[in-house]
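These notes open a run of structures that come right after.
Look at the two complexes coming up: subunit A is in both, with subunit B in one and subunit C in the other.
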Partner chain A sequence: MARFIARRVVQLILVLLAVTFVAFGALNFLGDPLVNIVGPLAAIDYCDEVEAGLREDSYTSINNSRGDCEIIGEAKADFGLDKPVVQRYFTWLGNIITGDLGTSFQTQLPVSEIIAQKLPKSLMLMVMAQIIALAVAIPVGVYSAYRAGRGIDRATSVASFGLLSIPNFALGVIVLQFFALRNQWLPASFDDTSVGTRIHSLILPATVLALGIAATYQRLLRTDLLTTLQEDFVHMARAKGMTDRHIMIRHALRPSLFSLITVFGVSTGGLIGGSLVIEGIFSIPGIGSEIVTAVIRDDFPVVLGSVVVIASGFVVINFFVDLFYTWLDPRVRSS
Partner chain B sequence: MGDPQLTVEDLYVRFPTSRGTVEAVNGITFNLDKGQMLGIVGESGCGKTVMMKAVMDLLPSTAEVTGSITFDGEDVLSMDKARRKHFYGVDIAMVFQNPMTSLNPVKRIGDQLMEGMRFHRGLSKAAARARAIELLEQMQIPKPRERIRQYPHELSGGMRQRVVIAMALANDPRLLIADEPTTALDVTVQREILELLDELRRDLDMAMVLITHDLSVASDRTDNVLVMRNGDMMEMVPTARLFDDDRHPYTLSLRKAMPDITQSRGTTPVEAAPDANSHLRDEEALIRVEDLVVEFGKRETLFRAVDRVSFDVLEGETLGIVGESGCGKSTTAKSIIQLPEPTSGSVRYRGQELTELNPEAMREVRPNLQLIFQDPVSALNPRRSAWDLVSEGVEIWGRHGAWTDSRIHELMTAVGIDPDHMDRKPHQFSGGQCQRLVIARALVLDPQVLICDEPTSALDVSVQAQILELLEDLKHQYQLTMLFISHDLAVVRNIADRVMVMYFGRVVEIGDTDSIFENPEHPYTKRLLSAVPGQEALGGGKFLGSPDAMLGEWRTPECRCGPGDMPVLVPRGPDHHVACCHVENIIRI
Partner chain C sequence: MNTAVPSTTAIDDIANDETVNDVSKRRLGFGFWIAISWIGLVSVAALLAPWLPISDPNEIANGAPRDGILGDNLMGTDALGRDVFARTIWGARISLGVGFLGILLGVVVGGSLGIAAGYFKGLTDQVISFLAFSLLSFPALVLALLITASLSRSFLTVAMTLGIIGIAPISRLARATTIQFADREFVQAARVIGAKSRRIIIKELLPNVLIPMGALTLLGMGISIVAEGSLAFLGLSVEGEAISWGKSIVDGSQTRDLNQNSHVAFVPIFAMFLTVMALNFAGDRIREYTDVRETAF
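Entry: the complex of A and B
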């Protein structure tokens, strides 16, 4: 077991290195960070020409006492952009390890502070969504497998496919209209006053997010359960005179959770950053909307910091999913 | 007439499907007296399992069951809910065919044993636990206290079936239904389990139904035998009269299809030059394997499946490789075609060293060595037609010139597939026909050697006999050399010229078929032979102890191998070699 965990931790570190390197590299090669700091002059060969004596440095910038090229040079040194990319990557990586995610180009605030402010809201939304999804999908999945082919099973199938085929934003708008605006049963936007108000105001968006995944979970669980119910050990349990309820919950459920758990791990990663549409509709100042803003403004440190946090979250959750497999199936433990 | 435990009268089971009603059981009537054992025999699909599942109320809700089932005077089909709740698993219990799948893989053995006792009898956890341990002891399972903490995958197949039986007996049932309880097990384990069941039945004075496709298993232990075919009852006879000549024609045909271990095929067409020093006969043998080693895994998980195995196969010969599952017989044969690649050793085909060939050169050799699989249904791509499956090899090798369509037709006829059925998909064929397709697919490449890996063990006995006959015919027609892997000694005796017995990755005995079967030398060979069912009437040998006792011990009176000793094959006859550690002892004899 210890070896299993150790191996997964090493894997986790390697995944994070790869993800951050690709993100860092992509952002540096696809756009010049300097342009975002000092403007378009940084992008052309202006400074090279000045240095080569081909033209005079002009004094059009904010401070007339210094030439544009001088300012560009200072900014380069300030932000460490005069060093090679690989070196910058490792400097940045070292900073991350010490908890320093850099400073936003735009707001000059530390990235860690921005994330600390935005992430908990998204995280809370995600956790609530997953809890709702599992709480709905597991009982419904078990029951529809138990009554496979009957009316109730058909009805849940139709409902599941319906939910799967409505995009989040559409469902979000409908739910917002009906539950928050027309009837005012639940708040329409995020209320940050206390933990209670936060949970209360996240019920609607979390449910909207949850329904889609719940439908996926329900389909997967139902299919896996139907396969498990064909197994000999289920017949054996019936021959022992066990009740249907006992067989469904004590015998069949656990070996049927694999697909569901796998998709749980994958969808969680998507949810952390991918709920931006819902965050938009329900005015939640979460990490999703923050990333979109940062990408549009080429605010590299914010984008990178968010990527690191989301990727780590994804890998860590899937690490726990793997641990959960071993709990589900003792055969995984010994292999 | 004694005191009936179970009476089935005019029982019908029908399954309505979209293509009409399937009649699985057609008006069966029988009586099982208290403490008696009834064998229900028939091929798969004859309705024997469906019938007993109807008794156990295990059929899907779509099944229509009519007739009457009476258990000790109680009408089972009209039983009220409260009685039913504590009827199955208490008064009547069932053991299933495959112990590998009839235990829940994610629950501890103890929990699975205890749940029935706790539910039906309201035992406390401690009491149920104590009873579980007691039951495991009764099943002759060593260290029961540790076992109940284990999961099913930590136990061998035989052990698991013992656990399943313990589970069935937990609440002292008056009737036990055993559905092919030993079919999935090795022949030596099979005997142990059958003996255990028999013993328990007598000790607990319980009635028992033994469902089996194997007439020999039924003939050894039952009081009466009910023969079924296509849902109909052919006849029900006292077991003692099963081998009389005035039996129902279907019973006779089942009997005829039983491979007979006492009968030799009489011919030994290949003359082998006796070699006093080695069991390898000919430098120029068609296949010559020397010191073959195949290992799987690495470091701590390293497992040596085949351990320094040497043998040769002459052209036109059939070599039977026998042994229990896991003994390395399949691996040995398959590593000839480099699937998997041997870890070390030499494999020569027509003098060519196959282990040194690069993949491209090996590909050129492959058509000559074709494989027949154990499970024909999974060996055929379900989405391709019979024609596509068979002609694919021809297309790949671009032999369309020589192998015209009419030649494929001819081949299909030769293996017994109606050429009009060429556009059918595998699922439209029976298991036996699928095996015929697999054989045609192999033969289309004009092979020299067929490697048959348990080609009939997934098939019914009567089909098995047909396939064996077909292989024999084709062997002569196409001058084939065969490697025939099987755990069924009777089959091997009927088809092989020579036999190689394997045990834990090593050859323990090799020689011509008659010598091995009539004069087995190695204790393991003797044990294998004595464990074959159907010999009770013939005074078959007594079982020689548990497999654990054999591990690491190679014991013949004159030849003792300690741990770590490497046995060598020493000659005991013109073509008969046996594994031994201390050769000097044997020469003295």
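Entry: the complex of A and C
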């Protein structure tokens, strides 16, 4: 087990390096970081000539008398943009490891502070969604496997198929219209007054996120249970005269949870994407809303910092899901 | 299995469940053809939108603003008095377009990488698998956001983004399927008679890998259409006047619109829902029909 964990930790570090590099590279290669610092000035293309002394540096800004190329040059030096990308990547990586995610261009606040302020709300939303999803999927999954092929099983199959086909933003809009606007049963936006109001105002968005995941869980659990129910030990238990209820819950459920656990990690990825969108619909000031604003305002450090935190979190969650899974089912270790 | 014993309880029924499935697997079924017809209908409407007798989707004050369904305009008008029905049909052009182009790119690039990884094994496999693994380490929408955020968002860049999201999962499926077939007798036989790698891949492996890919293309197109909608909610779908289902839903989702004339959001939601469900259903049926369940990941 120790060797297995060691191998997994090395893999984790490699993937974290790759993820941070992709994020850094995407924002540096696809867009021009200089534009994000100095704005439209970045489009000026005669700075080489100014440096060579072939022409005079002009200035567009009335507030400062410095030349445009001087500003660009300073910005390049300040942010290290005159150095090669790989070198910049490692400097940036070093800063991240020491907890320095940079400073927002817009608000001048440290990115780590912004994230620390926004992330808990998103986490709360996602945790509530997972709890609701499991609370719905496990009982429904067990019952539909028990009643496989009967009316109730068919009905849940159709329902979960429908839920899988409806995008979470669409469900969000429908639920918002019906439960919060037409009938004011639950709040339409986030209320930060106390823990109680926070949970209360997150019920709708968390349920919207949960239903899609619950459908996936329910289908997996049903399939796995059907396989488990054909195992000898189930026949044995039946031969001993145990009740169906006892067999389903005590004997069959536990060995049927393996796929569900692996998918738990993957579904978290869907959940993160979903919460980015749902936060906007239900006006939750979480990390998703923060990213959307940052993208609109071209706030490069905030986008990069948030993406890195989210992706790393996702990688780490999957790492622990893997370990947990291996611990539960020793057969995986050897493969 | 004791299938010979007549079933008395639910748990016995489960043993019989498989045989029921086996029979239904042999036919695509009525539902499949309904789903395909819907997809066909929407595609034709999308293709022919400029020639159909519908209103100009961008014409402001085509009817009274916020007019309800079955008023002067078939499906009412939005806050600017634009015809909702026409906008939904025009929206299909971009939604289906980026969905189809995106998944096409994903299948071509992801499929080739996956087949190469599964066939050549060794270092090729390790490099490709690591790349796929790194891409998969991003939540899909975060990856899409990362790409679109720094580009100008034309039809092509959005389609490309949706394609890039698909590359990693598709390459994994292609790799798994290729590995399954790479050591089969017919491939060994081809190798023994001196066939080159290129010929083996194209003539022997590709046809077998394409079957699960076909199902995946339909499912993936549904996912791409939904992803465009998610991007629209982040303000990252196709820019400008272009109409997509995602953008129409966002348009109709302002509190005032949802309160007074929810049809502006609900009509494109319904169109997207039916189309995605049809794609999922058709894809699922093809997967079951070709019976490749055990090869999926």
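By definition in this document, the second predicted complex is superposed on the first by the 312 of 335 C-alpha atoms of A that agree within 3 Å, B and C clash if a C-alpha of one lies under 4 Å from a C-alpha of the other, contacts with A are read in each partner's own complex, and residues count from 1 in each chain.
FYI, a contact is a pair of C-beta atoms (placed from the backbone, for glycine too) under 8 Å apart; a residue touches a chain by one contact, two chains touch by 3 or more.
Owing to the predicted nature of the structure, the values given are computational and were not obtained by experimental measurement.
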{"item": "Contacts of A:Arg254 with subunit B and subunit C, given as first, second, both or neither", "value": "first"}
{"item": "Contact breadth on subunit A, by residue count: subunit C or subunit B", "value": "C"}
{"item": "Subunit B versus subunit C as contact partner of A:Glu231, first or second or both or neither", "value": "first"}
{"item": "First (subunit B), second (subunit C), both or neither touched by A:Val173", "value": "second"}
{"item": "Partner chain(s) touched by A:Ile115 [first = subunit B, second = subunit C, both, neither]", "value": "neither"}
{"item": "Touched partner set for A:Ala137, first subunit B, second subunit C, both or neither", "value": "neither"}
{"item": "A:Ile281 touches, of subunit B and subunit C: first, second, both or neither?", "value": "second"}
{"item": "First, second, both or neither for A:Ile72, with subunit B first and subunit C second", "value": "neither"}
{"item": "Subunit B versus subunit C as contact partner of A:His246, first or second or both or neither", "value": "first"}
{"item": "Contact residues common to both interfaces of subunit A (with subunit B and with subunit C)", "value": "235, 238"}
{"item": "Touch list for subunit A against partner subunit C, complex", "value": "14-15, 18-19, 22-23, 26-27, 30-31, 145-150, 161-162, 164-167, 169-170, 173-174, 176-177, 181-182, 188, 226, 229-230, 234-235, 238, 244, 247, 268-270, 272-274, 276-277, 280-281, 291-292, 295-296, 303, 307, 310-311, 314-315, 318"}
{"item": "List of subunit B residues in touch with subunit A within their complex", "value": "56-58, 85-90, 93-94, 96-98, 101-107, 115-116, 119-120, 151, 153-154, 164, 167-168, 170"}
{"item": "Subunit C residues touching subunit A - in the complex, by the definition given at the top", "value": "1-2, 9-11, 13-17, 20, 130, 133-135, 137-142, 145-147, 149-151, 222, 226, 229-230, 233-236, 249, 252-253, 255, 258-259, 262, 265-266, 269, 272-273, 276-277, 280-281"}
{"item": "Subunit A - residues contacting subunit B, complex", "value": "231-233, 235-243, 246, 250-251, 254-255, 328-331, 334"}
